[in-house]
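First chain written, first letter: the chains are A, B, C and D, and each begins at residue 1.
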Amino acid sequence: MIELDAVINLETLVYVGAIGLVAIGALGLALSNHLFRMLLALGIAESGANLLLILSGYRPDATAPIIGYGPVGASMVDPLPQVLVLTAIVIGVGVQAMAVAMLVRVFRVYGTLDVRELRKRMELEVSTAAGMPVPTSEQAPAGERPLPPVPAYRPSYGPIQPRES
Amino acid sequence: MRSIASLLFAGGLAFLLLALGAQLALGDPAMRVGAEYLRIAGPELGAANIVTAILAGYRGLDTLGELSILFAAATAAGLVLGRRRADAPRDPPGGLILRAGADLLFPLLVVVGIYIVAHGHLTPGGGFQGGVILAAAFFVAVLADPSRTLNHAAISWIEGLAGASFILIGIWALVEDGHFLAPLLGTGTMGQLLSAGTLPLLSVAIGLKVGSELAGLMADISDTEARDQ
Amino acid sequence: MLTWVALVVVVLMLVSAVAVLVLDNFVAAVAATSVVGLGLAVLYVMLQAPDVALTEAAVGAGLSGVILALALRRLGLWYLEEGDRGAAHPLVPSSHSDGRGGDHHA
Amino acid sequence: MNQIVLPVVLPLLAAFLMQPLARVSRLAARVLGPVVLVLCAFIVARLWLNYGDAPFMVSIGGFAPPLGIVFYADHLALIFAFAVPIFSLLFWPGLGDRDSDASHLARRDALVLLLAASGTGLALSGDLFNIFVFYELAAVASFGLASLSGTTRALVATLRYLLISAFGSALSLVGIAVLYMKTGTLNLADLAQVTPHTLQGPLGLASFALMVIGFGVKAELFPLNGWVPEVYATAPARVSALLAGLVSKLAALVVLRLLVLVFHQPEASQLLLVLGVLSILTGELAAWRARDFPRMIAFSSIGQLGIVFIAFSIDGDAGLLAGVAVALHHLIAKSALFGLSVRWNGSLEALAGAARRAPLAAGLYVLLALSLIGVPPLPGFWAKILVLVGLAQGGSALDLLALIAILLVTAVEASYLFRVAVRLYSKGDSPPAGHAAWDLGVATALGAVLLVSTLGIAPLADSLRSVARQAGDAALYVDTVLPKTVARKD
């Protein structure tokens, strides 16, 4: 077997992996038009940041920061980044769950998760609610199917009316 | 156009960070406070697991903030999803294997979750990890048979009281010791279940809070009616 | 030896992360995020962070996978094969024909 | 002194208990939030009066810094720690609605309390990761509040806000990781000691850029501020007032602390200056094109915050003074404007004739607009002139560019704000309904504060100067948090 350690060490590998995850997540957020996909990309970017944070406390030949876990007298890795990552992971899952709840509600009413479509309908609704003239057809891209009718404004938390499709 | 710009941005970000990697001295962290924690956390707090000691001790306020974030997320999700309609269709119950499996899994997960919460100051694990497993236990039961629902009143009491007890332990320390969340009750003998002062108490509060919060969140999402037909 | 394992895990993780972005099938994409979570957990063990590894395994690979899978069912994105797109899947009686929500890459 | 943690933890306690309490007694749950906020404001005020002359430090849990988390309270921090409960009370969403669902109300009140707790925490905390946690708490609470109206358009706006904000947080986490790798500490005072010789050059700049972009999301700073108009157009007006008025200033305060203590290098200031100029140009031009009232003042707030960051980039106490003055002025003026947008939430055309229906509100609008533009005797003028003088003294090409940009956008600002004023006093068939007594009262009170500070501008300027000097004194911060004879617990 080739001696890999002579070429690259664990830290560099993990560093490349962490940066790669952040970049892939950023790319996904920027390029995707599907809200659910963007949520997945966000999770990847957060994972990359967490990995980088753990790496910031790692040193080779050190054991986990638990007394009695490794051999007596062995040096340990920095425990603080691990605490920070624990916190960050739980924050991440909380935000993700909340976003899922919002996605479900949005999908139930609009029936799509395409960002461009959603923004168009949001703009339309905002304009309508503000009593402004609806953007004229020249602003709408040609050749697409017409927008479905805007659901009438309903008070919060009333029963959701079925949307005609 | 936008895709090219994003590609450039992400590529540039990655390149920048990779280029900076050379200056970063990977694998040789500064260990300014880290070494200090390693030296004194064990004797000062009496916890063998230094990560837990920092989490609930030195950085207890972060942990409180994190519990609040989870609470805020669950609250916001509850606001967004609102109440389910009584006549909304539910998912059908899972198959026999899933239900039998869930019945077997439930006590196992509860026991493991409690064990991990209670031994957080000794071994890897603690309030969060145990709480997640507890939440999973209840959620597996709901997933196997959606007609069984979680008792929302009970969940809101547990999460309210667990969070409140974390803060009240902190305020107790403020009154007793003059510092919010200062460790109380001595350190005990390291390695025993009843050691490390108030740390295990805080761990239990964290576990209950995280468990009830996540269980409530998942139940809320799973409870919402599927899209109207 | 350990470095080899790390290399394999890192490559697997990056490939899965790309797969999350390019896979048309959302069930597969969610599965790929779980693979990323598992890879992270392995790396955390190698980086001497057992607490974090335990949490990542429970949260990243387990809990968040469950939440996302649940969301797929509610969003009508739960189809396992291309041909099933939009058709009511036996697992999801409530899925809707309009519910596929196309994913357009720019 | 140790009671300074109470304004952070009491709202959290109340928020946790809100829902169980609502099951027992609805009335108790409804009054719990305001009572707690009044108590918090009282605690801060008392501490300020008793100990406020010199900054003081409180270590949480009695662990000596840099191991434990510390709160650092100087005048600036105390101003914000006092403003957070006061503004949360002024824009408390629970007054005057007849929504009958008790658990809905309890959840909403809990979110406002969480926002208040996180705001106080952001103002006081002296630990980088603790700031990150409070920032995230503010973010998550504001997601819930922004989607409060329950309309789908609000949810779409909030979802985009969430994705942008969470991505920004991931970036600032990367920045924190880079910083920690080089310095090995998170305490701001400790960082102030070590960064001059460990974190300079490109690495320091990269770390600062990542954190500024991350924390800049809430401060409406240039690259990641796309959420601003959408959220403010769809969120309830009182929530917009809290987010645009208060939360954005707290995020700016975090950037200020980072700049003064951790990244004290010229490149960091220049980066901030460039981002600020881009913010004012994009924000004010978009405000000029906006056709509805909420989005117009939302875009204008992007511009105003850009001026704050430009001011922070000016070297020395003059810049801090200017930045703090603009920020406080904007806190008062923009909160009042968003208070007016509770009823004036439609298109600008629809405002025609509103002055006859609501003369006081229209008068207030004119006053606030004049102050925002910076017309002489009003406080807005003094704040803006401080920035301009500071830039002129800086004298570099970038400074002069920023100076020209600010003068240019002031003209733009005047044009669109006056356009609305003219419309208010023109004839209209169906002017919008008058304001509720509470909203109008809050706006009037804030307008009165502006007028009073116009009269007392000289003493006010003096006290602000000492506030800014204290906030800019990195050595004082370090000496307070890490006294030379390390006083260990007991």
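The rule is short, and it goes like this: a contact is a pair of C-beta atoms (placed from the backbone, for glycine too) under 8 Å apart; a residue touches a chain by one contact, two chains touch by 3 or more.
These figures come from a predicted structure and were not determined experimentally.
Peer 1: Can you check which chain pair, B-D or B-C, has more C-beta pairs in contact?
Peer 2: Between B-D and B-C, the larger count of C-beta pairs in contact belongs to B-D.
Peer 1: Can you compute the centre-to-centre distance for subunit B and subunit D, using the mean CA position of each chain? Integer Å is fine.
Peer 2: Here subunit B and subunit D have centroids separated by 30 Å.
Peer 1: Approximately how many whole Å separate the CA-defined centres of subunit B and subunit C?
Peer 2: Those two chain centres are 21 Å apart.
Peer 1: Where the centres are mean C-alpha positions, what is the separation of subunit A from subunit D, in Å?
Peer 2: 25
Peer 1: Express in whole angstrom the distance between the two chain centres, defined as the mean CA positions of subunit A and subunit C.
Peer 2: 13
Peer 1: Would you pick out the residues of subunit B that each touch at least 2 other chains?
Peer 2: Correct list: 2-3, 17, 24, 26, 29, 31, 33-34, 37, 49, 51, 59, 62, 65-66, 69, 72-73, 76, 80, 82-83, 124, 128, 214, 217-218, 221, 224, 227, 229.
Peer 1: Identify all positions of subunit D at which a residue touches two or more other chains, and write them in rising order.
Peer 2: 101, 104, 129, 133, 136, 140, 143-144, 147-148, 150, 155, 174, 178, 180-181, 184, 186
Peer 1: Touching two or more other chains, which residues of subunit A qualify?
Peer 2: Within subunit A, residues 9-10, 16, 20, 22, 24-27, 31, 39, 50, 55-58, 64-66, 76-78, 80, 82, 84, 86-87, 90-95, 97-98, 100, 102-105, 107, 111, 156-157 contact more than one other chain.
Peer 1: Quick one: label the inter-chain contact graph as line, ring, star, complete or other.
Peer 2: Basically it's none of the tidy shapes, so other.
Peer 1: What residues on subunit D touch subunit A, complex-wise?
Peer 2: 99, 101, 104, 129, 133, 136, 140, 143-144, 147-153, 155-160, 162-163, 166-167, 169-171, 173-174, 176-178, 180-181, 184, 186, 230, 233-234, 291-292, 345-347, 349-350
Peer 1: Using the touch rule from the top, collect the residues of subunit D that touch subunit B in their complex.
Peer 2: Per the stated touch rule, the residues are 2-3, 5, 9, 12-13, 15-21, 23, 58-63, 66-69, 101, 103-104, 107-108, 110-111, 114, 117-118, 121, 129-130, 133-134, 136-137, 140-141, 143-144, 147-148, 150, 155, 174, 178, 180-187, 190, 194, 198, 202-203, 206, 489.
Peer 1: State the interface residues of subunit C toward subunit A in the complex, per the touch definition above.
Peer 2: Listed in rising order, the residues are 1-4, 6-7, 10, 13-14, 17-18, 20-21, 26, 29-30, 33, 36-37, 40, 43-44, 46-52, 55-56, 59-60, 63-64, 67-68, 70-72, 74-77, 96, 98-99, 101-106.
Peer 1: Residue numbers of subunit A touching subunit B in their complex, please.
Peer 2: So the residues of subunit A in touch with subunit B come to 9-12, 15-16, 19-20, 22-24, 26-27, 30-31, 55-60, 64-68, 76-80, 82-84, 86-87, 90-91, 93-95, 97-98, 100-102, 104-105, 107-108, 111, 156-157, 159-163.
Peer 1: Taking the complex as given, what residues does subunit A use to touch subunit D?
Peer 2: Per the stated touch rule, the residues are 22, 25-26, 29, 35, 38-39, 42, 45-46, 48-50, 52-53, 55-57, 78, 80-81, 84, 87-88, 91-92, 94-95, 98-99, 102-103, 105-106, 109-110, 115, 118-119, 121-122, 125-127, 129-132, 151, 153, 155-157.
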